[in-house]
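Below are two complexes that have subunit A in common, paired first with subunit B and then with subunit C.
Up next is the complex of A and B:
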């Protein structure tokens, strides 16, 4: 009784000490950097995309929708948008197919094996993107490993370089660690008792994987695909060097318009379209998976 | 969190954000004010690679010794430096910008450059007519030619004579052996103009030149595109491509290094190509910039540049070695034979040219 009375007394006393907004103070530096170096320039970019441009006078600060109309009504640019999305999609699939087994292995590997595998898959990131892409140029080029192998086997294959496949290979090579680490984290969070319970109820290993392990790893898969898709759709160097001059993606057009033709408003419009399209795709993907059959995993 | 807490944190966010932005903006001002006061320094935006080495080893020490003005060299391409000049036009950081044909005209039209003062740039009196700008805004740094660069060994092995005319590129024996720069590099842009002129047209309508390049593509001769000089050099040296269109210096520089590469000035006429020294308008060190330009167009530096870059000097007083005379369009007569592209019209039309090239030449077949 005595204790309960004290508790109610304490509850009715107003709090005198002002509570410091500690979470906000911790976030403030990151928030400030984010605002100044990301949100502000992005804002300038969006404003720029509505301006007009002439080679004789430079940027004309009026309001016009012509940049967006030009992009969305021209089959040539729509094809480029579609190609960018297709590249990102295929790269995501390839990294998922190659990366998921690696992530699975990481959960059962010993600590030392885990360290080695993580080092191996992270190693492409340790090298500059240009050096890495030139490496692919050598391997996939007409005098390179892959083509020589095909010729030695007697296959009549065209040079693998300057094709969509080459770009996917180059991108998957560097984006793999993102997916593997995201999925591995998710897999490691699975309570080992759960698949064990499934097995004890009579499910074979494949059913355990398909109906228990894979669904439980979906949050990690989504996180990984998010990163891979975004990075693949905005990549510039890899498609430029490995895809050849006729493999144009959105970043190629942005580069051409901004640097070669100095038409910053048009390049800005392209950039905004890229951001919106990728954002839309990721939103749809996330909603589909999180609201799908396995929604129970996310809640 | 209570209502009270949320209100406080929102205010705090706005406060911190606003003060940081204001602080950042205010801090920039004193730095700009200081910049204009001293002319003891000049910022020179130029090219990297061999030119940067030449600038740091010979040019800058010589200039600093002669005038006592420090030179800060900023590396970039003509286009990336132009983007910097354009972006900072209200408070420029670059004093001397080394431009190419197009950015010279584009920048001039947009009022980005200063007129050269003959009182400071006394060497202008010795500069050849073709190197001067009609309004005295900027001056050419050297003259080179756009022509055919080829792998001499590949042609010799195939029993074909070395190419000597533009029309040689369409030879059916060269199927799959021609490489070109993609549209980002000036030489491919110039090729369109040159071919149009040879077909009797003008830069107003680039169709004639475009059709010729398209024919090169559909016949299968043009099979490769390069995005940088290094990539193109690689294709030629390795023999993947036998011929391409490039500026004259590169072929001769590779030849001097022992590669089986050579350059031909096409019979119908090579293209005139120059880079220009520009004094940026409202730059922090205008007099120092013009002093540096005067130094660079003087006879000693012009000789050094001609030797280092394998290009024709623009100062009449320079005497070249015989070897260099053969490799560069050094005489007035030779320069007259070069095809001069109407850069003003080209600047107006470049967007259209880019569209056409994207859709018809670099398109997926």
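Up next is the complex of A and C:
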């Protein structure tokens, strides 16, 4: 369209210098990289997920639904999908319970306190997930902080590492900033006159919170929960390191199938199922609130 | 809107959660100075021996360099291409503009693990190698959404009339960009560079599939090491990542404020 418009302009004004379609030139390099190294690989992944595999010859390029049928009919794989969803759900709940009060406190804290809390809560985002997860190994692991604390208190030392609880603690720690950001932005947007009006009309603090502040912050709560849910359901490092060898979720299953068993078609099919799960969550999110997954991070 | 008693409870709670938030990082940094040969927290005595051990391990030093090269390359390319694309997306209206915006933001919603798997199968299918260049390309795509966001916000923040003024006084498009637009969006470009560098330096999931004996990034090296071993060496390596992040946070806090970067203040 743009090209056509420029062409007619040139035709009617022959004296004018020919104009290059500037947006096209500016976009070309980024677009080329995205088409070749983002869109095309995803296409290859989807195509491979319909291929067969043999341990002797590798990928067999025939069309088959075998991989999907296997995932959706085998109880072992269904349990992995269910475990992934349960992990994501529990992580979202824990993150909300510890994150909401922080977001609330940000609205009443002094400027100095706010700056510190924001720095302490957000800056872990800039440290690699692998480092933060490894920290949990040292807190929960053998001879770790919890172990030493238990010993000092004279308690029977129990090591809670390699359990769903450890994975949830690790994920809540990594994903907390996303929830706090989402809730804090929607709390900030509340006109302070509204809760004041409720209070002046005789509502107690708890009633003001329950009937006015909390409902007004719901968009942020839902956005935060869904971000945490979708990030938790696709998280890999934390369940792989804190869950132990027997704790398999979808992402660690994909990793094992692809890099250890080398069954790429099956890994691809599992990846497509995981994307569909995350996509469904995002769909619900965009239905409930306008915008994408990270919108709250930026605005 | 909150009574004083509840205020105090919330303050204590906030303190506890802040401690929870930074605990893993603090524990790692403290443990990296241990003098013991095994992991024990709190460390009974302190030394720098695991930092010395890191320097003796060629594979970790190699990976550190690989990560630095990849992060440097990816942040530079993503910022340059992101700036060009943002200029087109903000300053021009054309058919398919919204679709392109969605495409450039899409890597945010795609788990890194799946992008890595897709890229691995794509490279194998067309007989392309896995090396520093392919990891860098993957990181360009992963960091591009951030670059485009920061630069778009910077572009939207400048008064369009200043550019039009320059052009009406006879400046070419390039001169307008060089002397007007570029200096005005420099904070956005800097934020994009620093942020893309950090994201790339920390990335694990996609790099896990793209790393090979030729090129393994530091987070991937740490991941595979932890899988097999449990000793304080990794705490020293991880602390280096923490110090790098602290340095970046200091820069960001000075120039923009960490809160503003994420839309809070």
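One rule holds for everything that comes next: the second predicted complex is superposed on the first by the 229 of 299 C-alpha atoms of A that agree within 3 Å, B and C clash if a C-alpha of one lies under 4 Å from a C-alpha of the other, contacts with A are read in each partner's own complex, and residues count from 1 in each chain.
Throughout what follows, contacts are C-beta pairs under 8 Å (C-beta built on N, C-alpha and C of every residue); 3 or more make two chains touch, one makes a residue touch a chain.
None of these values were measured; they are calculated from a predicted model.
Looking at the shared chain after the overlay, A:196 reaches subunit C, while subunit B stays out of its contact range. Using the contact criterion defined above for the overlaid structures, shared-chain residue A:271 touches subunit C, although it does not reach subunit B. When the two structures are aligned on the shared chain, A:244 is found in touch with subunit B, with no touch to subunit C. By the touch criterion stated above, A:263 is placed in contact with subunit B alone, subunit C being left untouched. Judged by the touch definition given at the top, the superposed model places A:40 against both subunit B and subunit C. Judged by the touch definition given at the top, the superposed model places A:57 against subunit B, while subunit C stays out of reach.
In the superposition on chain A, contact is made by A:185 with subunit C only, not with subunit B. Within the superposed three-chain arrangement, the count of touched residues of subunit A is higher for C, of the candidates subunit B and subunit C. Of the two partner chains, subunit C is the only one touched by A:131; subunit B is not. Judged by the touch definition given at the top, the superposed model places A:123 against subunit C, while subunit B stays out of reach.
Residues 23-24, 31, 40, 142-143, 240-241, 255, 258-259 of subunit A contact both subunit B in one complex and subunit C in the other. Looking at the complex, you find that subunit C touches subunit A at residues 1-3, 6-7, 10-11, 13-14, 17-18, 20-28, 31, 38-42, 81-82, 84-85, 87-89, 91-92, 94-95, 100, 103-115, 117-122, 124-125, 137-138, 140-141, 144-145, 149, 153, 173, 198, 201-202, 204-205, 208-209, 219, 222-223, 226-227, 230, 234-235, 238, 241-242, 245, 248-249, 253, 258-259, 262-264. On the subunit B side of its complex with subunit A, the touching residues are 5, 8-9, 12-13, 16-17, 20-21, 24, 79-80, 82-83, 86, 106, 109-110, 182-184, 225, 227, 231, 238, 240, 347-348, 350-351, 354, 358-359, 362-365. Of all residues in subunit A, only 1-2, 22-24, 26-27, 29-31, 33-34, 37-42, 44-45, 48, 98-99, 101-102, 104-109, 113-124, 126-139, 141-145, 148, 173, 176-177, 181, 184-185, 188, 192, 195-196, 199, 205, 208-209, 213, 230, 234, 236-237, 240-241, 251, 254-255, 258-259, 264, 267-268, 271, 274-275, 278-279, 282, 292-294, 296-299 touch subunit C in the complex they form.
Across the interface of their complex, subunit B is touched by residues 19, 21, 23-25, 28, 31-32, 35-36, 40, 55-58, 76, 142-143, 240-241, 244-248, 255-256, 258-263 of subunit A.
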